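Structures for review follow.
Next, two complexes with chain A in common: one pairs it with chain B, the other with chain C.
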Partner chain A sequence: MRRRNAISRSLEDRVLDTVNIVLLVIIAFITMYPFYYILILSFNDGGDAIRGGIYFWPRSFSLENFQQFFESSKWMRSLIVTVARTVAGTAIGVMFTCVVSYGLSKKDLVYHGIYMKILIIAMYFSGGLIPYYILLKSLRLLNTFAVYVIPGALNIFFVMICISFFRDIPEELIESAYLDGSTEFNTFLKIVLPVSLPLLATMTLFIGVGHWNSWIDSAYYVRSENLRTLSYRMMEVINQTMQPEDPTARLYAAESSRATTQSMQMAAMVVALGPIMCVYPFLQKYFAKGIMLGAVKG
Partner chain B sequence: MSKKRIVSLLIALMFIVPLVQLPAAAAEAEPVELELFINHTWWPLKTWAGEVPEYITKQTGVRPVVTVAADMQQLPLMLASGDLPDIIYCDNTGNMQSRLADPSLCWAWEDLTAQYKPDFQWDEERAKLYRQEDGKFYTILNNYSTKSELENSPAALIGVGSPTLQRGLYEELGSPQINTLEDYFNVLLAAKEAFPDKVPAVINTNWIGMGQTSSMFLTQYGLDYNGFSLDEATDTLQYYIYQQNRLDYYKYINALYRNGLILPENFAFNNEDESYQYAYNLECFSYIKGSSATELNSKCADLGIESDWFDLNVALGYGSTFKIYERNVGWSGLYIAKNNSNPQKTADFLTYLFTEEGMRTAFWGIEGTHWTLHEDGYPVFIPEFNDPLWQDAVGLTEWGLLSGTWVTERLASYNPDDEFILDKLRLSDQAKENTVYCSAVGLVSPKADSDEQIILTKLNDMVKNEEVKLFLATSEEECEKAYSDMLARAEQLGVKDLDAWANEAYQTAKSIMED
Partner chain C sequence: MIKAIPSNGRGPFPRRPKPARSKARALRHKRFRLQKTLQLFVLLGMAYLLIFNFMPMVGIIVAFKKYSIQNGFVGIFTGEWVGFRYFVEFFTDYKFATVLTNTLAISLLKIAMSFPAPILLAIMLNEVRRSGFKRFVQAVSYLPHFISWVVVAGIMTAFFSESKGVINQLLVGSGLIDKGIPFLTSANLYWGLATWTSVWKSTGWWSIIFLAAIAGVDPALYEAAQIDGASRLRRIWHVTLPGIRSSIVVVLILTVGGLLGGGIMGGNFDQTMMLGNTLNNSRSEIIQTYAFRTGMVDLRFNYATAIDLSQSVISLVLIFASNAVSRKVAQTSLF
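Let's look at the complex of A and B:
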């Protein structure tokens, strides 16, 4: 039998690699093309875009869509609200989750078992949309900015991961802090959190993306136009073109249409996607590492 | 009196007089803000802003804070959680009208006005249509006019949609006469042969079959788009797919498809932009949206494309036996929540909208500023009226849909200076001559969560799925078989029981109409 050189590759290997590469290129193209299409349409003149036939580059290059977006008080206000809720919601979510998790990571915590049972039940079961709405109403959170950041402050999935992670921190490290006279909270801030950076980065990314993309809370729990988020605005333009169920209403919808041009919608999507796509690559190393933290030992 | 004293007195008066006027100024207090929830995701006016809404606010002392539904789950969520807005405007999607007609949820209008506006009298001829089992009415739907109102308003034209063609191509074919659906079919065949690079016909996505009321072909065949249809000979109701000529309609659309006169993907377009592309690029011979030449030529001009679209202005299906069964009793209405924050002002707002002045202002604008009334009873608008941008700026015309009648709405479209007005008048007169008014049929609607509603929902879903097979059948025989299969499925789902219930309800509705 012919011995295969460790470095040279057989015909079968080359064929397999070629097929793999071709398939992956096709899949990558199919996956990436919709985003690319959105990008080129956003840079194409709106009126010209209606004619269709744009596939690989803008036929009539124009920055007017972005100009209209940034000049529109409606869109800018929603962008500001989205940025504000993402920053505030992420900071509150990360801090709240970490604090709760640190407390629950202490095995000598009184009623530890009961707390864990409550968390696990809450993670798997939900009261449903209507009880949740009633709860928000009774807490007077409806139609306020707080409805974006308060209900989601504790992310139970990450609580589980954080508990496992914090338990892995050497006990000696924490004891040495106590011996130096540090308080519990000071130890958490100055010893525990600094060694938990991968975890914090992962949580920041997940929670931040969740806040950035969320539109249901803006649709259902808010009525003020000044509190609408960017994702809600995009759902709004999509819904404007959706056909009503009632046939007579459909007639009026067709006649009354002031639908945002397709290219303006694309510009809004680029603005919404842009920040996340810029941040993601930088945090990806933390994401891959952090998501496994504590997962096996949990 | 010394000069010093006089000056002091004058200064004092300068302070006192405004204070004395303050109570009067306070009486013209800030308008009351009421939540107005519009349960239509497509609603274009997101705020109560503009010259016309402000005028209405001045008349009523109410400034609605508008929220447009994000999706169709929002109102059911508010309803289930008991957190209804002050005023809700909705159609019957999800049986919302049936659910809101509940004394624990909404005010009965006569109770509201009896308590807060006792001098206002509702039009009983309109109100009787919407009385519930408890004898009260919780809304009055828009877009309905009585037969006498229609007859007294000749300028309220019935729009009759017809195909839009490219004039240059049509003349190349020799300008053949197109008077019937068969003529139109033959012209499309000729266009297909003469212009192989053009799609013979493209149907606007909002105007394609499958239950679309606006489908030009449904209208041309005199067919209903949902619910129950009237068999005039026996004066009974049947589920709409049993209506006479329905199979002919399916076979016609199928023939268009089988002969390559419409694109298969026309049935798969998600929004009308996809169909408009063919029209704007002049890639189709005929565009079907129901007389849209003005719109197409205007858009093409904006895009720098020379076009010559024209409307046929012919009622293609109006044969000797043609009938239109007019079942309309309105489609959307206002509901006043029981937890309304200010019933007094709500009553003021509501009653104003339902006066003739209120309807006309909301639909047409401010009398004397935006329109004047012609002696023949139709409005004469200022030139800007047909400019959509101007309409947006002044807050027209959709607020007129809150309460406006069909006549008010149609009069807004009447333009005696329109170059095609004679055609439109002719078509409207033809339509009116062939119309059988049977509003009692429109009143037959099952209650939410009733057995009949469940059967009706299942039937509607079944038809939505089955109709595609009829349109895309590969032969006329297959189309006929698919229709028979659809009827058989309808029977399995309980259509006979539904028809039996509908005929009982129809007798009750007829007695209401005759009262």
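Let's look at the complex of A and C:
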């Protein structure tokens, strides 16, 4: 009796394990294959790719798509703008957020209660898109590079995280700096920031990815073609391909140039994904922290 | 009777003498001056919030006013009041029923699919014994969270385009169908497309929160269940799920609160902007994108603000309602 029970249990176990692992393999495949597919398509000759039937490796290997991407001044320009906005936006965003939250982390600050109330109201309510747009216009930020950097400079959600992080820094550490005659600013720069590196890394990742992926601001706050971001350029191409195929347009466009646009789009996507993929493995350990805080914010 | 006693909130005692109050103020000033660096830090942030958060909030009144963009931000205040005209216009708009139906349908479908999916994935991952494999699947499953909807749309065209998409190539090639299915340009397929892309993008990321919750379940409960002869499925049902109930409820409330935006996992706006097009518009246009287009494309700023505000009010009602329901039903609530 006992033995039969043991056998049946292990049988159930084995079936369950197998089904579970097979399903997880399928899930992993569905998640990963699209990335792999655009990678191989970007390394395949454009004219050849249009024939279809490429599933697991490039049929006719070629670097032409990337060559075209990097030679096109339109795409290169957008890449430079995107890199610039990501670097500038992330640096300013992280710095400003840290500075403000360091001040707010001190509970004995005069007017602390009022400041926190202002912060909470700003976190939960917003004016919505249109008043914001009118404001940007009035501040003459529209159609400038600054519109990418300044409006997102203070991330309230991260301010909340920073405040609780800074409050956990041992009091003795900061007091000893004061005793040594360090100014408030020096203490912040030389003591507080260095011990907050994990926090800075997490923030840099999330704010940086946000900047890198952003396209709405490029589409609607900017009119100059010189200021378009990489995501915006991709959106343009995708919108063209998403539209129903117009037979007259097909007549005009040579088959080969259509193909190249498609494959070049893949190359652009690979370029856009590259940096995210590169930092991804290093920053994985911070993800869990990020989402737990994100859930609190909602 | 009561009024006979001079009331200053402290009972029948004289007010605190004036000098003491100004002394307190002087003390506060002194403290303020001592904290001047910190105060400067904070005040920079407050100035920023005032400009970029509070001014737009005040600007909401543009929904109740006549307005022309030439008048800048000040024009919001000088414009003529028109009351609820734009709200009435929205509720009687010929597109109102369509956008409301789409918003609700897409959001509810997303809750039905992309809310349970991460719970399921977390449980499945938790049952894996080989930790290397588990970590690999986890790492892969987070990835879509970090890419933008633009790239997702690019991937979608590569896979689901009518003539060149991989799926249609395979289906046509194997002779199952004669002509590609217009996944991306068919109105009837849009709701499904929106739901499944959202599941694909968010499931892995949100499973983290449930995995953390599962890790917090007392192992002794599993052992006890095992000794009592509970099978593995039964252990999942009777130990794991009740163990993470409060996490489930919290995430559910947040999802319902953000319902019209597609829930916290949805990103309805970006998604619709990318995957919606002229052919599937009748099923893809949602309140947010409609407001956006009336504002930014048709330049009807007051009307767009009115639409936006209507949606915010509905969302607020939803989050309070779901919170109240969950407090009654599951004895867990956010506030």
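One rule holds for everything that comes next: the second predicted complex is superposed on the first by the 251 of 298 C-alpha atoms of A that agree within 3 Å, B and C clash if a C-alpha of one lies under 4 Å from a C-alpha of the other, contacts with A are read in each partner's own complex, and residues count from 1 in each chain.
Please note the rule applied: a residue touches a chain if its C-beta (ideal position, glycine included) is under 8 Å from a C-beta of that chain, and two chains touch if they have at least 3 such contacts.
Just so we're clear, the structure is a prediction, and the values are computed from it rather than from any experiment.
Enquirer: Using the superposition on chain A described above, determine whether A:L63 touches chain B (first), chain C (second), both, or neither.
Expert: neither
Enquirer: With both complexes overlaid on chain A, does A:K137 touch chain B (first), chain C (second), both or neither?
Expert: both
Enquirer: Using the superposition on chain A described above, determine whether A:D48 touches chain B (first), chain C (second), both, or neither.
Expert: first
Enquirer: Of the two partner chains, chain B (first) and chain C (second), which one does A:R223 touch, if any: first, second, both, or neither?
Expert: first
Enquirer: Of the two partner chains, chain B (first) and chain C (second), which one does A:E12 touch, if any: first, second, both, or neither?
Expert: second
Enquirer: As a test of reading the superposition: which chain, chain B or chain C, is in touch with more residues of chain A?
Expert: The partner that reaches more residues of chain A in the superposed model: C.
Enquirer: Is A:Q262 contacted by the first partner chain B, the second partner chain C, both or neither?
Expert: Touch partners of A:Q262: chain B and chain C.
Enquirer: Between chain B and chain C, whom does A:L197 touch in the aligned arrangement: first, second, both, or neither?
Expert: Neither chain B nor chain C is touched by A:L197.
Enquirer: Based on the superposed arrangement, let me know which partner A:V100 touches: chain B (first), chain C (second), both, or neither?
Expert: The second partner, chain C, only.
Enquirer: Going by the contact rule set out at the top, does A:T183 touch chain B (first), chain C (second), both, or neither?
Expert: In the superposition, A:T183 contacts chain C only.
Enquirer: If you lay the two complexes on top of each other, which residues of chain A touch chain B in one and chain C in the other?
Expert: 50, 52-53, 129-130, 133-134, 137, 215, 220, 235, 239, 241-245, 262
Enquirer: So in the complex, the part of chain A that touches chain C is made up of which residues?
Expert: Touch list, chain A to chain C: 9, 12-13, 16-17, 20-21, 23-24, 27-28, 30-32, 34-35, 37-38, 41, 50, 52-53, 55, 96, 99-100, 102-104, 106, 108-110, 115, 118-119, 121-122, 125-135, 137-139, 151, 153-154, 156, 159, 183-185, 209, 212-216, 220, 231, 234-235, 237-239, 241-245, 262, 265-266, 269, 272-273, 276, 280-281, 284, 287-288, 291-292, 295, 298.
Enquirer: So in the complex, the part of chain A that touches chain B is made up of which residues?
Expert: Residue list for chain A touching chain B: 47-48, 50-53, 129-130, 133-134, 137, 142, 215, 218-220, 223, 225, 232, 235-236, 239-254, 256-258, 262.
Enquirer: So in the complex, which bits of chain C are touching chain A?
Expert: Residues 28, 31-32, 35, 37-42, 44-46, 48-49, 51-60, 62, 69, 72-74, 76, 121, 124-125, 127-129, 133, 136-137, 139-144, 146-148, 150-151, 153-155, 157-159, 161-164, 166, 169, 173, 184-185, 200, 204-206, 208-209, 212, 231-233, 250-251, 254, 257-258, 264, 270, 273-275, 277-279, 291-292, 295-296, 301-302, 304-305, 308-309, 312 of chain C touch chain A in their complex.
Enquirer: So in the complex, which bits of chain B are touching chain A?
Expert: 35, 40-44, 46-47, 65, 67-68, 70-74, 77-78, 80-83, 85, 91-93, 143, 204-207, 211-214, 225-226, 271-274, 276-277, 280-281, 289, 299, 302-303, 328, 331-332, 388, 392, 398, 401
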